[in-house]
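Encoded as structure tokens, here's the structure I'll be asking about.
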């Protein structure tokens, strides 16, 4: 029997993967892949306004709530989820945490990686997560890092859509049809009670990218997610 | 029986398609596609130095020689070829010629289009060819242009590698494995007697892009061609 | 009494101004400005698919229908509209047409100008309209062009949002709150029977830009339009 | 009575704010705003050549001299000034210092922020100051950072002009008329005895930006300062 | 005796070469080179405001005045000057004019070429002049253009500084020390009676570029001109 | 007797300087310059796959082998070499190491500096080396850093060619003819037994840059190295 294939998602905060890559995750889970989400932070400071407005709230309770929400969303999408608790606003990633992420790469040997955009003036944790996701990937490729382990190949890296794409110098180079898993993505959204104001926003993002996917392909696509590539696509096909 | 699929190559001069897209052409021809090359010019002034050094050479003889060479190269690659004779150094494309190219799009309904980079400070005919290839494509999509004809869909456009890529702001976003048709491409090169100095240059380009394709994929790829995309890739696959 | 102030909109096709700048037009009309839209083309070939599907349709009928629709939309927005009938797919602007547009600048002396993005790989008429709008503006500033007339000042130029902003290298540098005139813009949309598929698309654009405007300002803004500047803003205010 | 409005300037070294933002500071101080300058460093190593040439000079004396000069300049401009003494050449900002700057944001609730360009190959402290100014701003917006405090809104950030603008990929997107406070700015310059060679340089900068402001507006503006925006302008006005 | 070396300057209007390249011209003339300026237009409409304010002024008189001024400036700089009278605001260059410029390249065989920036939103004639200067250069390199003539080599092209450099996406990649010929350049300025407002502006440009040249080299340079390169520098020296 | 002139090369790993700058090093060594290579790391993890495949290999043995190889290559090129042993995959440069590099600048007073590209998604150590090389250079220029020492001037910085240039946003702005020292560079290559797969790759790079150097200059150049500049070139010559 073939080994199950893996996909890896590196998310700065515990909800980012839902809004930005929930469709890709659900799509590949449905195809029998093991999709693993690594959350570097719970987003316990920057993206939990609603929780903090509750009287007597503590950091530990916010973290626990965010963890539960994220785990539920991952379940709905069909993904595994791991938390690294590296802090939030600001996220700070030590070399130990970096090496822990390298271990994840070595363990999973993912076929592709999804992470944030390379710039984001609204959120400094996002580009840091991208940097760490990429630096860990490169270390995992090095024969001299734990030489007894199998090294990583060259999985492509796809950058998911930030909140304000043009301000982040992000460009959709790949439009992925997620129509068949849209309901799952929407249900995963709805676990994010702390960020209800984003539900309609990201539904509209999916619809707009769907129209654009249709326009760029002559297909009928209702919902899509946009990704930017870091590396050139290696292929035998132009069509 | 399925209709034969089409690919279209818009080449400024009569040899450009060989150096820059010969691999893609041979690959798709081998797969049973009809590949059509449109040469806007014979390259009779700018890229025929060797011919012009022969005593008594005339413009008509240069054109005829270039046409024969290009046709032979197209034969080797398995492609059809058409010539529009729009002049060279400078290339000048009238609206009549533009509409003629629109007719080609409507007739062939290509699945993809290959053409030059969008900038080239060494050769002003190249970006003009790209502009014309794209403007014709857009007109062919318009319901109001010859409304009785079937309109064109949205074939992706791939820009092939210019002679000095960094100076042309061109970036390889797609690396196409052409190893299986390399011999054909090399033989097509060798019909270009007027440009023998380029044979080794473009062999090295294919080898370098091959190494890079390997590095970006963990596959073993010996020869590759690089392409830049104009439009986002619409897909159901990230890996 | 003060002279009525003017704003000028240069639109490639007869509907572009509605989707892209309808809010700004209605807003300034409501403030008592005279807003003038110049349509270089009726969009009779490229953006009239629905009309061309009617049996027995002719070019003249398409133009007439598009003109009526555009005039109605302009009425709803409170704007004047003029048509230059320069052709469509491809738009072609002669020097005579350019000088006609220069005359419009000299006549209106607009305080600002709205036009298309500088690039658009989906629509070559749009960047051409922008080029013409800007070249006419510069000629209207020249003392030696009809030296007996008053020259134009230096009205800022704002580029409205294209259909696929990232592909057009367009970036929203100004977010204009159009909430108070949204209903007018939506009603103007709905005159565009030939392009009903765009109604929801551009409603979502306005909502997304509204969320972003709120996020960038701490105000509550429901609907917004995005613009890119061509020239630096000259001001006495930073807040 | 209305609360006094605040503006915040984050300056890497103790003189940067004078050359680069002195006009904006004086202008807003004159309008009754409280303008606060935070100097991350005294510039005691990199920008104090003249002091170091004095025999027996010590680091503490250089710092004290620079502090006095900067305070005097701030007085002339009408601004408050604070020093964080984070070191110079290289500037190094710990998370403690970052949080101290967050506190300043929370305390002042500024309406706008002025800081350095995002790149500067001549001075690595400048982009670091910008990064810190922006990261602190984002943390100050987070509900989970000191949840008992009022969070920061979304003040626009303006990047002031570096010494060699084109090399820093800086572009003047806003030209601020500072003519009415030019004399103050010039007097503040002249407190910078250690950098007398820059007085004429920055006078010329102000004159050039003034000519450009005039050219872009049809107004008569003698002295101007240029700023680049980080975020889109949210507005109800295009003119 | 060695053949006199040539430098070619392609200027859109009859004064541009003075402000922008007067130092380079005077420097090379002083070194015994033949410097030739080709003015595509007299600048009779766009840059002659002062003349047009005189009563009874005619196009022919403006042209004659501009020609005289430009010739005088060229004399002061030690250059030859030729006028192509292609019109102004808008400049329009026919293929006949293009070929005339090709003839100039073939005749002079220049060692380097100076022309405008590639973009300029304030002046559409400038980038057109650059395009023409470059297209003519490429045609002059073609063996099939007048095959009986000696072809052109590969002279580097340097783009001189536009009026508002950052808005034109122009960057100074070469800083040329013009101190020893500054007096000539200033005197050539002063022949431009119609544009007296620019004398001080361009004196300040030269001083600023001089300070920057000093800063980038550790030399003492008072006046400099900035140039951007189109092609890579080919050299045997890094220092 | 004149003081011997110095050139400095800052190399992330112990082999980078050979592939990327070996020609420049040999050329200047041949001209009597003292060329010094500083290797921040031995490349003991990321670029030593072949060594790690040997049974019983240890980190110390890999480092020792890489050191020997690099020293041999430096000998062949005629350069001095120093090792800083800052770690590899990831490289980590403490402020102590930074100041050590500052000392090197102060000691050598180099006329030029060679280092890596500013971006490299395949290798995060390379841009870090560039950052450190530049930050050290700037600190070495500061009068307040070890005020008793002579400060550094303003040596130009040249960025050598990365493995996949377009992906690193690197552009060859200078093409250096290295034909006369090619044999030395090739022999230095061949000491890199661990990276034999790169020998042909970098031979082809040199040949391609040679063809391009010829094309940009009309000279006959067989082998070249490409460099990008960080700072503008200050010069008295355009040809």
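Order of writing sets the labels: A, B, C, D, E and F. Residues in every chain begin at 1.
Following the convention adopted for this analysis, a residue touches a chain if its C-beta (ideal position, glycine included) is under 8 Å from a C-beta of that chain, and two chains touch if they have at least 3 such contacts.
What you see is a predicted model, and the numbers here were worked out from it, not measured in a lab.
Colleague: Between chain A and chain D, two touching copies, which fits better, same or different residues at the interface, with half of the numbers shared as the threshold?
Modeller: different
Colleague: Distance between chain C and chain E based on Cα centroids, please, to the nearest Å.
Modeller: 37
Colleague: Which chain D residues touch at least two other chains?
Modeller: 122, 167, 172, 212, 215, 231-232
Colleague: What graph shape do the protein chains here make by touch: line, ring, star, complete or other?
Modeller: other
Colleague: Would you please name all pairs of chains that touch?
Modeller: According to the stated criterion, the contacting chain pairs are A-B, A-C, A-D, A-F, B-C, B-E, B-F, C-D, C-E, D-E, D-F, E-F.
Colleague: Which positions of chain D touch chain C when the two form their complex?
Modeller: Counting only chain D, the residues touching chain C are 5, 7, 24, 27-28, 111-112, 114, 153-156, 158, 172-177, 212-213, 215-219, 221, 224, 226-227, 229, 231-236, 238-239.
Colleague: Residues of chain D touching chain E in their complex?
Modeller: 122, 163-167, 170-172, 200-201, 204-205, 207-208, 211-212, 215
Colleague: What part of chain A is in contact with chain F in the complex they form?
Modeller: My answer: residues 95, 98, 131, 134-135, 138-139, 141-145, 147, 230-232.
Colleague: If we count contacts the way the header does, which residues on chain A are in touch with chain D in the complex?
Modeller: 44-46, 48-49, 51-53, 57, 59, 62, 88-90, 92, 121-124, 167
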